[in-house]
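Both of the next two complexes hold chain A, though its partner changes from chain B to chain C.
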Partner chain A sequence: MEDLVTENLKRTYCLFAANQGARVKRPRDIDILVNDTKSRSFYKGIPDVVEEVIKKRKIEEKKLENPSYNPNTDIDSLKALLSRREEESKSSQLAIFQDKHLNLRLKTIEPVWHPQWKLMRVISGHQGWVRCITVDPTNSWFATGSNDRMIKIWDLASGQLKLSLVGHINAVRDLVASDRHSYLFSCSEDKTINCWDLEYNKIIRHYHGHLNGVYSLSIHPTLDLLFSTSRDCTCRVWDIRTKAQVMVLEGHTGTVWDVASQAPEPQIITGSADTFIKLWDLSTGRCMNTLTRHKKAIRAVKFHHEDYAFISAAADNLKLWKCPEGEFLRNFPGNGSIINDIAINEDNVLVTGGDDGVLSFWDYSSGYNFQNIQTQVQPGSLSCEAGIFATCFDRSGLRLITAECDKTIKIYKEDENSSISSHPIPPEAKVFIKPKY
Partner chain B sequence: MTTAHRPTWNAVQGGKDQGGNRILVPSRQYSSKDLPGHTILKERKKGQGNPEELKSVDFKAQLLQKEKEYFLEKSKFEENPQSEEESEGDIEQEESESYENQSEEESSEDEEALRAEIEKIKAERAEAERKRKEQEDIERQKARREEILNGNPLLDIAQGYQLKRKWTEETMFRNQARGEPKEKQRFINDTVRSDLHKKILKRYIY
Partner chain C sequence: MELVKKDISGYDLTRPSLEEIANNTAKTKQALEQTLNGTIIAAKVGGEPLRKTQDPYYVKHTGLDGQERIIRMHEQQTDPMECVKFSHRRVPRGQVDDHVRIERSPPRQITSKDQKNWKIPPCISNWKNSKGYTIPIEMRLSADGRYLRDTTISERFPKHSETLYQAERNAREEVSAREAIQKKLALKESLKKENQMRELAAQARAERNSLVKNEQPKKRERSSSVEEREKIRFERSREIERDRRIENAGRKVQKKDRDMERDISEKIALGQAQPTKSKLLDERLFNQNEGVDAGFGSEDEYNVYDKPLFNDRSGANIYRNIRGDREEGDAALPKGRSNPVQFERVREE
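Let's look at the complex of A and B:
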């Protein structure tokens, strides 16, 4: 047996050794065929138009020569007309056939059904707008930062206040609880970034350098790096331990609203008010790519937990991009409201929190918007105070926490009573993706 | 004059060369906050939510369990007072019923003696009641007489013909707010628009 195999191997080597590294030849006929079909589908209607124009000109010329000339009496032209109609009907049949053929080739994505979400709990306690949320890695508590300069820590299961942290002198804009360290990072409009030790609940480090309010924070999943973006149009990279500023990533011309970091590639992504997304190379400290497809300010950028892709949200659309080069994949058509934050859970439910208080739920795989909830303001507030500043799933993905403009924190959960029969997916929610030539 | 009152049209932009980051001459001044300190990063140890430890945790089950416990406790706290009262009442009723049953059984033997005893007690009680009422009547009469004699302040020379009541106790000054509609307590989610704030402004500022 072994001998046979070795002989076989040798034969194949002899046969194909000469061809190694050579390009595979495409038969010429295929190229011609492809070009033909392409040109036919593109320029299908044009010959008819040309013929018609020529005919019209001829008629006009004849009219000029002989004013009493009636084109309908012209037998030749009648015959031509008849023949052309026949041709048209044939070609239309052909077109239908082609369309059907194309439809078969279209890639369809069926939306996945998700249960509806409903309000479970409203927590009030902050004196100002609640701007940010972070959930503890152990899933026992979550922290919120507010315009009243406070960070409050709440019990996740009961929703009761555990602790208030005071240290900032202006609105707290973002919070991050580190997975690996027992630290909580907070940034604020007072230009400071603080590191809280959760064993003592005290500030132990300050990261000094931003020239304006700091809007967003992110921790590198594996390295001890902290990224912060600010109204001073920069993103700064900090060494967590030494408080030293490692890099300044400058290039945006507007407030940098959000930053997302990832483990697989030394790259971070920032979304800015100048409508651009920039991908930064951390090894060189330079901008790798600028994505310019958005028309409105980008307030949220979020990595997907499984797909190597990220989503950016602006008032015009949500857009899905492929990592690491930032290739555009798909649009999630937005409803025109400013989107402040995105959250994705492990069941692929994508949630966006709008500035007008609309909480939209999307199926991530197909981009089907299966639910919209308009938040109700707590009694005693103005109706214009309906706005969602931050959305966050807890670690289990069962509870959705939102930070709102009416100074409350709201917790949503899945509705057990909803089923696919009570909330069916409409057939038009199916997504077709055109094949690429 | 400062520019603090002006709106910020163009926010300050940061960069490598801005904000004092350009090093022409190395500065000798350091902020105390920038001095080295806390030079060791605290990793999450075992029991503190270590990433390794959390890999095996079923967050969904954990959260549902915790919430269940919380709601159970909450419902207990809310329902307990009522349920306790009910149960106590039931016990009392049962006790009295059982007592009656027992007495019926035993009464067949010394019914006569008991009856006589009860009659006796009843008579005693009636007597005591009568006496008490008589005493009360006498006392009431006395008090009335006293009041008639001394009640009119105009006739009481020792008080110097002066009324004891103050002028503020006139009926027209009393309970003026009685008929007014009560202001409903309401919550306004704004410290500046809240009723308390308005009240303070009205009292001390305006």
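Let's look at the complex of A and C:
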């Protein structure tokens, strides 16, 4: 019997050794069949809509094969910024919306109306790209860091320059004003992290250890810990008082662009150029979970102030994840441009600053993109210098400060004249939710 | 194709309670404290935790010659404040967790439009053609269009320059006219002043004359005794003068002679003696009471020599322009020869 089994094993090995590691090819028919079954079960009882959708899909397939096929259907509604995919989903959504039967069956989310935002003030004072902003806890001033190696402190109400801090020898990449200390932390491409005492306006501590430029900082809300991420693919945890490096969080294989921290688990999340988000266990220094749904480098991660969730931004999409385990919740379809920073205020207005100078405003609850602003470069700059590096709401959430590539800082506010009648929410903005069976 | 959104209303997105958060923080703090204590000590002292030195111990050792000896072994003492010997090294990456399930959707098919957008045309070179051969220089020159450029000067340009020129000339004329007027005015002023002064002078003279006229009768009233005394004073002064002249003629002892005849000690006492200066020795070395290097100036000054080599003659005197001298017609110099030197035999008498 044993001989037989071994013989059998050998035969199988001979037969399939060559195929080891090769992908299993799925015939195309199966894909279609699966899709058909899916859609049939989904649109049960509404055959005409299904037919319509199928018809549409056929047209799309033809379009994919032959792009010159009926070019008139390809309309860019939002300055050709929104991807084609989103367009199609919208048009099909509209089809469903028009159908009353389906409307009754599907749950919907109505987007919350938010007033439009408009430019209020342009502050020009830096001599290089402005890379980062932080607003102080008393909401009286904000600090900006720039490629000209300076940190400038501005009065929030008047926009007047209060102070210039000189100490870094390369571009300042991130700033954090602490809520619990009178400290301002800054990190730079010169591999240093400095702690400024704002009572003396002097550097009082250096956190030494990064092997490459430091790109992002975050302070733990309850413990005296400072998190920094760098081009050396690591996130380091520092003890604020003793300057000692508590631990190194290794695991990313690309530049770690952004870090966010909160008191409940996960206490640290990092987004990296290797397209992964990692959730870290702070007590052991190990990676708890790696989120791999993004296709492009993640330049910004942000915890929601109220929900137990966080948002990550990459060039392909914004994604909403559930804490603590990092379950994927929802996509905010992006416009294809690199997103440098995200900000969210208490009214659930989500703002993303794009590398191409587009400031997008989203309704957080529905994911509806209600406004896009293309920034104007200051006179004397090139048109390609329209780019937003950092976005930040002030502590009240009524002013939006952006740091831009044209060496200016721009402040936006809500437009008092805009109303729901002047800027209505289009019907197709309604979000349909997949029913659970 | 994402038609409808995932229903996230079923998820509980409420944040954990404050108590839970506090518990979590305490747990983390406790876990971190241990690692932190170690790292703090490490960070404080030269990157290495302070450790106790091992006590010395003794080793029995038998040498090659069979002699037995006891060796005391103890640790070499190190400075705890010494800097870290090795700078930061790139530590090899820790084990990366490779077993991550990639959950992203498959890449989208690229449309031909996207492909077209990504196509970047090759750059056009002025030096090489598409086959990589170098383009000859004349073709390059003709291609770069530097001789094709047609410079057109606007009609307004000469007009503009003409106006500028005119304006400048006008301004100059104006300035010179103003200057002339000012000069004239100054002259007038000075003439006026001069006249005034002259008048004043004449007035003063007239006044003086009138005064002299008034005083003359007084002079005549002088007493004869005064006149006598004056006469005596005059004679005495004449006599003194005469004596002085005679002294001079007879070369009586003069100051110069007196100085010449003085003794050296007297001269030193009077401060007239000058030390003789030796040219062979560096005088700066003599000033020994202020230290050897007292005379040499500060350290960063570079003056090896106490005085310049050609101190007594200026640069202009080192070389003489002989040709120039000749042309001046110096009679003392012989004129240039036209033929070789001819020697004459000395005739014997």
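Criterion: the second predicted complex is superposed on the first by the 329 of 437 C-alpha atoms of A that agree within 3 Å, B and C clash if a C-alpha of one lies under 4 Å from a C-alpha of the other, contacts with A are read in each partner's own complex, and residues count from 1 in each chain.
Operating definition for what follows: contacts are C-beta pairs under 8 Å (C-beta built on N, C-alpha and C of every residue); 3 or more make two chains touch, one makes a residue touch a chain.
Since this is a predicted model, take the numbers as computed values, not measurements.
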Partner chain(s) touched by A:380 [first = chain B, second = chain C, both, neither]: first
Chain B versus chain C as contact partner of A:431, first or second or both or neither: second
Chain B versus chain C as contact partner of A:242, first or second or both or neither: both
First (chain B), second (chain C), both or neither touched by A:107: second
Chain B versus chain C as contact partner of A:19, first or second or both or neither: neither
Partner chain(s) touched by A:127 [first = chain B, second = chain C, both, neither]: first
Contacts of A:309 with chain B and chain C, given as first, second, both or neither: second
First, second, both or neither for A:180, with chain B first and chain C second: first
Partner chain in contact with A:138 - chain B first, chain C second, else both or neither: first
Those residues of chain A which chain B touches in one complex and chain C touches in the other: 209, 211, 233, 242-243, 245, 250
For the chain A and chain C complex, residues of the former touching the latter: 57, 64, 67, 85, 88-89, 92-93, 96, 106-107, 109, 209, 211, 222-223, 225, 233, 239, 242-247, 250-251, 253, 263-265, 267, 275-276, 282-285, 287, 290-295, 306-309, 320, 322, 327-331, 367, 431-436
Partner chain A, residues of chain C touching it in the complex: 1-16, 20-22, 24-25, 27-29, 31-32, 35-36, 39-40, 42-43, 88, 90, 93-94, 96-97, 100-105, 107-109, 111-113
Complex contact set, residues of chain B against chain A: 11-16, 18-19, 21, 31, 33-34, 36-44, 48-49, 51, 54, 57, 59-60, 62-64, 66-67, 69-70, 186-191
Chain A residues touching chain B - in the complex, by the definition given at the top: 127, 136-139, 156-158, 179-183, 197, 199, 204-206, 208-212, 224, 230-234, 236, 240-243, 245, 248, 250, 255, 377-382, 385, 394-399, 406-407
